[in-house]
Amino acid sequence: MRRSVKLWALLMALMLIAAACGGSDDAGTGDGDNGDGAAEGATLVFGTSADPVVLDGALVSDGESLRAIDQMFEGLVTLEPGTTEVVPGLAEDWEISDDGLTYTFNLRDGVTFHDGTEFNADAVCFNFERWYNFEGTFQNPAASYYWQTVFGGFSDGKTPSLYKGCTATDDLTAVLEINNPSASILGALALTSFTMASPEALEQYDADSGKVDADGIFSPTGTYATEHPTGTGPFMFKEWVRGDRLTMVRNPDYWGEFEGNIDELIFRPIADPAARLQALQAGDIQGFDLVDPQDYETIEGDDSLQLLNRPAFNVGYVGFNQAVKPLDNLAVRQAIAHSINRQEVVDAFYAGQGVVATQFMPPEVVGYADDVTTYDYDPELAAQILEDAGVQTPVQIDFAYPTDVERPYMPDPQANFEAMVADLEESGLFEVEQKNATWSPDYLDNVDNGRYGLYLLGWTGDYGDPDNFVGTFFQTEQPAWGFNNQEIFDALDAAEQETDPTTREQMYQEANRLIMDFLPGLPYVHTEPGLAFTANVEGYTPSPVSLEPFSVVTVN
Amino acid sequence: MSLAQAEAHELELEQPAGLWKDAVQRLKRNPGAIIGALLISMFVFLALFADVITSYGPGEQVGSLGGNGSPPSSEFWFGLDKQGRDYFSRVVYGARLSLLVGVVSVSVGLSIGLVLGSIAGYFGRWVDGLLMRIIDIMLAIPSFLLAIGLVTLLGRGLVQVMIAVGATQVPLFARLLRGGILAQKESDYVLAARSLGAPGPRLLLRHIIPNSLSPVIVQATLSMATAIIEVAALSFVGLGPSQPGLPEWGLMLADSASRLEQGLHLVLFPGIAIVLSTLGFNMVGDGLREALDPKLKS
Amino acid sequence: MSEPLLSVTDLEVRFKSRRGTIHAVNGISFDLRAGETLGIVGESGCGKSVTSLAMLGILPRQAYPADGSVMFGGRDLLRLKDQEMREVRGKDIAMIFQDPMTSLNPILTIGRQLTESLRRHLKMDKETAREEAVSLLDRVGISDAGDRLRSYPHQFSGGMRQRVMIAMAISCRPKILIADEPTTALDVTIQAQILELLKRLVSEEQMALILITHDLGVVAGVCDRTNVMYAGGFVETGATESLFATPRHPYTAGLLDSVPRLDASGKQRLVPIPGTVKTLMEKPTSCAFAPRCMYAVDESRREVPPLREIAPGHHVACFNPVPESDLPQGAITEAR
Amino acid sequence: MLRFVVRRLLQLIPILLGVSILLFAFVRALPGGPAIALLGERATEESVERIETELGLDQPIYVQYGRYVRNLVQGDLGTSTRSRQPVLEELKQKFPATVELAFAAMLFAIILGIPLGFLAAKRYLGFLDNASLFVSLIGISFPVFFLALLLKYVFAIKLGWLPTVGRVDVTRSIEHPTNFYLLDAVLTRDWEGVVDVLKHLVLPAIALGTIPLAIVARITRAAVLDVLNEDYVRTARAKGLDPSVVDRRHVMRNAMLPVVTVIGLQTGLLLTGAVLTETVFAWPGMGSWMLEAIRFRDYAVIQGGILFFALLVSLTNLAVDVSYAYLNPKIRLSR
């Protein structure tokens, strides 16, 4: 310790000066060297809520992985930006056979993967066959969730599969055959899970290999999904340092136009929402998703920032578990619906970005019925209903909400919960036993096993199809809802099979009316989830299903 | 004849005071301890008379919902939070909660620690070895992770959180007491008492434990400070007590963390409350340590 | 008689404490000539150590030299700036302390601590300093000095550590050596060896030695002259033989009576001096020993007795010195 | 000395085994499981069972523990259910981040703490002494996360001098031979990178280092006060050595002994603070990783991560004892 006290102080001063002077250059390090004006070759840093799991579309279902894959991969079909309307992607056009069992796709010519290999019908069938032949942990629902939701089983035949086969009749024509008709196949193919990967890269970096440890636990070992994702998209993979950043660069020989000026796109995980907002304010990032509605006012008030909203594509609802007495009594359910002031909750905690829901689907989705029964806030009517039904008041009910979770349809569960409980108890008709648990895994576990009477939950659609909403909730008997209503089950089954669009829409509208009369739960909000950007970012088009390419974005 | 000798010389001249009398005397002369005691009594006062001091309940919605609450005003000294509740009363009721948490968790840690420590210290041999290994294991895991683990295990009710925080203090108290007992066991007066046939357990309870208590008391005061911070920290990472609308400082701070820009007061007031209450306990703890330290030079 | 090497006049030292100022040394004066050995003896707490520390200017933080002068080499050490004083300390005046167990730095090698003053004062380079250190250790009687340099203090016995302390002190050939209770912490056999070593070195180097102790036996064996100190002041000074033979101050006599005499015949009753030294919160205005002294007279309680010469080279500060007749077995009867 | 180290390492084994058993039991006792955590709203009865069989969670508990220990011994900490990465791979990323932050915090605490403590002791009971005592008391009472928030708000958001998040500016690509970014930047002579990493380190290190700073200052003050009263310091002054030599060679070297012990213990406690600091500064370290793992019931990560934490804490304690023995010849030569 050969230093006199003076030396200690000197060393410390040096360190601080180095740090401080380093900061003198432009504080916002994000936009790097190019200064103002729609300069060429911009860099955009986007704050994500977490690291992607892996960069292989077929093996993920979490939002952050899908966002990254959307930038680097494309499917046969895609959605019109900002809508859920299916438009041509890598397939210029397609024909569907009369019996709805064969889909013929005519592919775009001259498209290459990032590794230079050619995109053709063989590549399309290679991808489909790959998904169909998944085994081991790849069949795990957390991985190939969408294949199982859309196509059902795999080649091992454990569960029946919609997928029959894929043949490349010629270089640019791929024919897909399915075992029975399904109207939602086309919409589903726009999903990120069905984007096309380069067969060459899949094999070279052994995307499907894995090791099985002594107890049969299979874990993937290939480096395709972590270091060499190769698609046809506008951006190419450059580098991924887990926990730090995922860097993608512009694909020089992209087949489509590349309207934006982003050369380097960086996703940086910032788990804490507060830290994300502060990073944006300080200019360390230029945008982030999942904005807490409480911050809408802040962002709109700050002219160096801008707030964009996704069209509503979710529903927040109060679930009624009819297995729990007295929720099996329709009158009680109706009284509850009339005793909750949904408008006040939406106004208070959704900062004007939410609209009161009338049914279990957002308006944009086909099959939305304008004339479903509605339940306006009217405590006297609720009292009347209970009295007519001869129900003793106050009715004992239990009501639960999840802690430490934020969902677009429920940014602050505790705030919603407290307001709703206040409404119920003020009406004098109900005595509420308050319950809560940590979102994952306890709360969801309790809901799925029907341990709660009333509970706060919701759903964000995956693709623009009514089956993905009401189908998922009410097509089969589930402990969470605790009811067995064959009329609803049959209506939804029939609607799903119907291929003619207009009849299909009417059938879903009828189903919605049926559901809202039966009132298995109380939908209360559709939100337009918010994204925040710095003011110099233009062209970002929010989409209901969060399919938002950065290739159209310009940074000035 | 250094000053210390002179001082000690004089102290002896005044009639010899007992350890406690002497300690109190020293405490009175220690400005830090006095300030600390004032801070603590302020918070105890706030906690006891919260309902009298504040004109609104902590959960009572007085202002408009939503937005970022409103800044401090003449009517609401600390302003309103985003649920439109009077922030001043929430901070005051927060004092009641923090002191409660502090007291309960320290007594949990203290009692379990005392039991473990005295068993280990008194019986020794393999009992001591085993217990000390368990303590080593608990100390090997960073205390905050231990607390997080326990809260996740026991659930996030207020009682469970207090037990979890208390449990992280157990190794500290166990080791302190064991050390005290081992030191006392060899001391002459114990050997003398034992040679006169005094039964072990009575000896342990009447003499050994009371005499090894002073370091434990110092640690208890300091642990009050750690407990308050630890609960606030648990709330900050979203694992604090989860009753809806609970006026817990850490939670209040965490909720407004992202709205520093406009809701700075929503972060400052609970934060400063935590600092002051912890400071109080730390100061008194320091004062006690100096006052009770027998060999202290002037 | 040569010019005095060191002359201390009216030295006063006080301590700042919470209860006010403690007057540790209240005006003492003495001279020291080259080669001379002066003993300063007195009970603990009488201010003898403080005097030595004041002379070297290394008083503890709360103490300060309030008055008087310490003339050495034509300069008053008390008025020197610290930088100048450091040239004197360890070079011209060196000091040895009481407890060898704690007076050496536990984590530095003996060699390192030995060569420190050599390199500081005599600007020796590492090598020569090492050789000098080896020869110093030989001179103080430590065998195979060569590899002893690399060992640490805790590997040495008390006696050997004191020898190292002495080697350190004399390393720069100081003119004056102050030894503050050098043998108190050692057991008797080692004490004699250390004292012998000190006497030999003092004569070889022609150094002046101030030996501070409460042990009359040590003073008798080593010192040419002795000053007896009580409550911050000298009560009796003079040649050691005459002081021991004819102690004229009641306190000196009392001290001698409380020491077992080898030559005493038959049963010998040791008579302790009643009472204890009172801490002085202000400058004494009367004879400090009066409350414990059976020879005390009214004057003793009103004025501070000055040092008067009552025999050639033998001074005493007492209004009613012990008469010749009572010596040496002057029994002091029980306190009345 | 070697025998001492080996004996201490052997002692570690039962402790770490004990920790691993405790962790295994703790993880299995946690309510819910990884399956639901992964699937969220999409979980259904069979999908949960499917995942649990995949992960072998349906096998009897002793079989699971047998597998866990067998893998552990081979250095296989299992795979994270959330990121599907082997835990060891993620550890290579996360561990250096936390250690680099902890090291910077400790350096900050030492560089300021020791001189502060030393000056306070030299001006004992003076103004500086009382002031430093009071400031260090406040330092100890300041919750890490509150300080982190304030620092970030003032220096990063309001003044914009320093970055708010992360370990390095994203647009800068630094090669990562060791994942200790500061070291990497220095190794690859990327001086701009060094400044950038330093800029990212300053605020989190100060937030995390304030409590250790307060403690180091107090311990240094107490230690220096003790040493100043020692006889050998008086001997040194009696030798006429310059005050700076006396302070450095005699006072500080002896005062460092207790200070080193405290620094060692503090490093263990730093890991606790890291969890909080990492959340506020989005620092991709072990702290935030553990938090997520517990929330997602990522068994392998919880077990591997906390076990690694325990190993780290035990090794720091061992390093403290070794350095104490090295610094103090009495102990060094007596082993």
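Labels for the chains are A, B, C and D, by order of writing; each one numbers its residues from 1.
Keep this in mind: a contact is a pair of C-beta atoms (placed from the backbone, for glycine too) under 8 Å apart; a residue touches a chain by one contact, two chains touch by 3 or more.
What you see is a predicted model; the values in this text were computed from it and never measured.
Using the mean of the Cα atoms as each chain's centre, the chain most removed from subunit B is C.
When every chain is reduced to the mean of its C-alpha atoms, the one closest to the centre of the whole protein set is D. In this structure, the chain pairs A-D and B-D differ in their number of contacting C-beta pairs, and the larger number is found at A-D.
Between the Cα centres of subunit A and subunit D there is a gap of 37 Å. Put simply, the C-alpha centre of subunit B and that of subunit D have 24 angstrom between them.
Look at where the CA atoms of subunit B average out and do the same for subunit C: the two points lie 53 Å apart. Distance between chain centres (mean CA atoms), subunit A to subunit B: 45 Å. Multi-chain contact residues of subunit D, defined as those touching 2 or more other chains: 31, 153, 157, 253, 279-280. Along subunit B, residues 2, 152, 155, 257, 260-261 each make contact with two or more other chains. Contact of a single residue of subunit A with at least two other chains is seen at positions 272, 275-276, 278, 281, 404, 438. The part of subunit A that touches subunit D in the complex is made up of residues 1-5, 8-9, 11-12, 15-16, 18-20, 22-23, 27-30, 32, 43, 45, 50-51, 53-54, 61, 137, 139-142, 145, 213-220, 226, 239, 241-245, 247, 264, 266, 268-272, 275-276, 278-279, 281-285, 404, 438, 440-442, 444-445, 448, 457-459, 478-479. The part of subunit B that touches subunit A in the complex is made up of residues 61, 65-68, 82-83, 152, 155-156, 238-239, 242, 244-245, 257-262.
Within the complex formed with subunit D, the residues of subunit C that make contact are 56, 58, 61, 82, 85-91, 94-95, 97, 99, 102-108, 116-117, 120-121, 152, 154-155, 165, 168. Here subunit D touches subunit C in the complex through residues 124, 230-232, 234-243, 245, 249-250, 253-254, 257, 327-330, 333, going by the rule given at the top. Partner subunit B is touched in their complex by these residues of subunit D: 14-16, 18-19, 22, 26, 29-31, 133-134, 137-138, 140-146, 149-150, 153, 157, 229, 268-269, 271-273, 275-276, 279-280, 290-291, 294, 306, 309-310, 313-314.
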